[in-house]
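Take a look at the structures listed below.
You will see chain A twice below: alongside chain B first, and alongside chain C after that.
This part shows the complex of A and B:
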């Protein structure tokens, strides 16, 4: 399979009043064309920040401070510019803002967690999807080389559009396409629904509409950030099967971000597990479930209730994730103070290493090349206790 | 969007409020000490004039009959007679109202044209020199008194540069001209505008500053909403996101203040009108109060009140365009 996205040592920081937050720390993974890559971790582990970095949508306080995001876009790679090119790949982190925007919607799209707040409450759902269609139509009308340098839409035409009610940003064909898209994602009576406002939709219907908006520009990469978290369990399953169906139809790649291992189990081909801003383990889905290496992954898996066995679930991970401010991060492994298998070796920060025979499975843990040695074990939670005493 | 029922309901409200205004104005005659005639008559009125006033107001009739006569006169747009100016109040208002509307609307246009883009730019470039310049401007604009600003503008641009006339409205053949005259005689537009420019800027500065602040804070708040990120994720140009979505949602408080301020401008531009010798409603009202020209005071109050009602109805109409929740209620 060909690669679509290669993240290499991606590092992102947030500047807050309390100092710099190490939101994404040297994260590397590859997304292949047509595959579904799951990104799992608890809240604050850097999953969303990773996705927003790829989409170029980090909030103002956030910046990509290191690493690269190689995205396969032959057209843009052939265009001269200041961006870094490697064959058919372009480093997204070196693209100017305009070129970055020209990729959004048409190459890289995103679905967000809370559908209720993700639509403009004062515009109709149909018009918002139609605008996404319009962006794609205008984009395909001219070559990317000129698009990257000029605005597709100027202030002059905006004023004209606003003053003349018969004109608007969207054409009639975009509107029709928006209705087709609403139908595609399973919204009944799409023509009527398109004229309604977000407040007239249910959460599940609105999440379908958001998927319609995301696929409106025919993107090749869809970043789905907790797309089912805000929904009822029955609706969750429908949304996931809709995503599967669309992926089968269009062959787009999906990065599915979730805190729920059950979700990736049914949807993803490969999985990356994030902890404290780092990617601590990545593997094909079967391997991750059968032979997890990182104790954090093992902890996550044991926390998933299993209806098939009567065994009592193992105790959940104790303690909390370390704070991500520079002064809070421990020198050694970030997980050591919660880790049941922490050893003296963990005082040094572990590198990401392949697990034994396969390079498709790797982990950021000393256990990749040695077994747990009880003689060298650290007192479980020692670092954590010390910190609490100190406070 | 705007339903017929909504319009009918608004019109009904408006009628009730106007009725309340004219009733209060009627009762004000009786709230001042002494007889109604001494309230209404000028200080130097002759006994014949006082008798005439008493006759016109049918003071020998019971109060409800006087009230009915008064309402009947109003319905026929008969606002009485100005004894000081010796002309009908209706004529007086008809000559002054266009001047006031010119000034108020010009000031509002100045405010909208400057404040809204400035507020949006300021909000989208938060904590940059552009933003600091815009916020400083609005602070200064809100704090500058009108009479001082008017005089300074006259000194610099009229006396110093000679670009604009020092004061007074534009005239043609000795007659004061307003926007309506310009519609019929477009060749007067230039003269009309040069006379209008400085008063409009003077009156509009505070308004511009206020709206800039409101727009900025509204847009800042809206920019943090999740939907902005969604729109950006579909690759929409920033200018479309800012003006078609963010600004639209931020406009509700702006439109509210815009309506209230425009209402105030109709009656309250006294200081600016004085500085520029402008023949508007504000100075008419103040003069009438000084001269105890009661029928004129009454006419001015009714016009200002009706103006407020109309503007508020328009503002409500705009709400239904901005916020779908309003029209769905």
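This part shows the complex of A and C:
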């Protein structure tokens, strides 16, 4: 299979009043064309920051400070410019802002957690989707080479818009396409629904509409950030099966960000587990559930209550994640102070290494190449005395 | 101590009326009303944990508040330890308040940001004027210890705590008056999975040590499976299935319960191969609940009339068409695939198509209704007690006789 996205040592920082936050730390993974890659982790582990980095939507306080994001887009790769090119791949982090923007919606689209706050409450759902269609059509009508020089909204545009205030941005065909899209995502009576405002939609319907908007530009990569977290479980099942269906139809690649291991198990081909900004384990779905290597993954899996047995899940992960400010991060493994298998070796920060002979399964843990040795075990919490006092 | 259940709710109903001013009332106008809880009966024995599950807006939280007397029921009654709470004197109500407690979903917003952890935990003692200040101080340490927080936490403010720690403080506060009954309203929904497991096991330990009785309100079935002894499933304000955990989870009697259980994605390797037969549509509005069985609009096991022979998928397709016609939406009835249908079905569809093409929706609908109307649409199901409490026509004696169910 061909790759679509290769993240290499992606690193992102947030500047806050309390100092720099190491939100994403040297994260590497590959998303193949047509596959679904799951990113799981608990809140604050850096999943969303990773997705926002890929989409180029980091808030003002956040910056990508290192690494690269190779995205396969042959046309842009063939266009001369300042960006780094590797064959058919372009490094997104080197693209100028306007070129980055023109990829958004057309090549890379995003679906957010809370559908209610992602739509403009004052416009109809149909018109908002039609706008997405319109943007896509205008973008593809222009040749790629000029697209990087997207017109800026200057004095000329202001005068024109003031003199011709009724000039509609959205054409009739875009409106029709919006209705088609609503139908595509399973919204009954789409023509009537398109004229309604977001408040008239239920959460599940609105999430469908957001998916419609995301696929309007026929993107090749969909970043879905907790797309079902705000929904009831029966609606979640509907949305997940819709995503599956769209993926099968269009060959779209999906990066699914979620805290719910069940959702990943249901939807993804491969999974990356994040902890304290790092990708601590990466594996095909069956390997991750059947043979997890990183003690954090193991703890996370055992913490999930199993619906089919009635045992209370074991609270095997005690304590909480280290803070991500530069001064809070321990020198060694970030997980060592909570790790039941921490050894003296963990005082050095582990590298990401392949597990056994397979390069599709890797972990950032010393246990990838040696077994747990009780003689070298650290007392629980002894790894980072300093950090414990912090908590 | 008596041998009757600690909590017994009978025919509990709560109706919220909206948008009625005094003027409207004088004119005899009625506002729109929502029946959040409709004729629910539930008993909770001492020391057990009952899980109340359902989707958002089904009336779970309102039920919890009714049981604690935090809201007045429109009809029905709640008895605590055999005594109806509506008939309590002021002193009795005060004692009842001490005997019961609630832990809310949002750990941050349920703690006063301007109080220290110790002040928060001692607040119930202060309000009820129990113990001296120094006694309260030592009590707070005990409670912190009980919920596995260090004594150093006592002087912290809520914003300095993590979500899990906040929830522990909320639990400590609920325990302050040594209650016998605690309503846990989505106790772990806002927490990460590793913290969830910690809180669930804490709740489990506390129950064993202090002989607590819990009502655990949650939308998360996996929480129910790890904490509860019995399960009560709610749909649109009605309790549709109540039974022991193992029975309900292993052999759900109501189609809604099975759909709910099936919809939960399991965290294991072969999950992708499990096909989910997911429910159609969304929860109907509680202000205008469907007729008959409230679940019939989404039910995958609608009961066709006894005189027609039809498979479920065709029957559901016809049901969808009928609701579209009733709502005034455009339908393509002539494209309906009748292959393999019995003569009665084909005739009814043809007649309706003819009427619809002639522009007569009412006749078309009437023709379809006469042939296809399900008992689920017309009659609210009775509560059946086999295998456990379930409100569904599938468990009616007549249906079971015809279909040889167990």
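In this text, the second predicted complex is superposed on the first by the 359 of 391 C-alpha atoms of A that agree within 3 Å, B and C clash if a C-alpha of one lies under 4 Å from a C-alpha of the other, contacts with A are read in each partner's own complex, and residues count from 1 in each chain.
Operating definition for what follows: a residue touches a chain if its C-beta (ideal position, glycine included) is under 8 Å from a C-beta of that chain, and two chains touch if they have at least 3 such contacts.
Remember, predicted model here, so these are calculated numbers, not experimental data.
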**Report entry** Combined model on chain A: chain C and chain B, fit or clash
**Finding:** fit
Query raised in the report: Roughly what angle, nearest 10 degrees, sits at the C-alpha centre of chain A between those of chain B and chain C?
Result: 80
**Report entry** chain B versus chain C as contact partner of A:217, first or second or both or neither
**Finding:** first
Query raised in the report: Which partner does A:16 contact after superposing on A: first (chain B), second (chain C), both, neither?
Result: neither
Report task. Could you tell me if A:119 is touching chain B, chain C, both of them or neither one (first, second, both, neither)? Result -> first
Report task. Go through the superposed model and pick first if A:103 touches only chain B, second if only chain C, both, or neither. Result -> first
**Report entry** Which partner, chain B or chain C, touches more chain A residues
**Finding:** C
Requested in this report: Classify the contacts of A:320 with the two partner chains as first (chain B alone), second (chain C alone), both, or neither.
Outcome: second
Query raised in the report: Which holds for A:261: it touches chain B only (first), chain C only (second), both, or neither?
Result: second
Report task. Based on the superposed arrangement, let me know which partner A:132 touches: chain B (first), chain C (second), both, or neither? Result -> first
Report summary line: Once superposed, chain B sits from chain C at a minimum Cα distance (Å) of 12
Report summary line: The answer for chain C against chain A in the complex is residues 55-56, 162, 164, 192-198, 200-201, 204, 219-223, 225-227, 245-246, 249, 259-272, 274, 276, 278-279, 282-283, 324, 329
Query raised in the report: Can you list the chain A residues touching chain C in their complex?
Result: 42-43, 188-189, 192, 202, 204-205, 232-238, 240-241, 259-267, 285-286, 288-290, 299-318, 320
Query raised in the report: Mind pulling up the chain A residues that touch chain B in the complex?
Result: 55, 57, 60, 101-106, 109-110, 112, 114, 117-123, 128, 131-132, 135-136, 139, 151-155, 158, 162, 169, 197, 199, 210, 213-214, 216-217
Report summary line: Seen from chain B, its contact residues with chain A in the complex are 126, 225-227, 229-240, 243-245, 248-249, 322-325
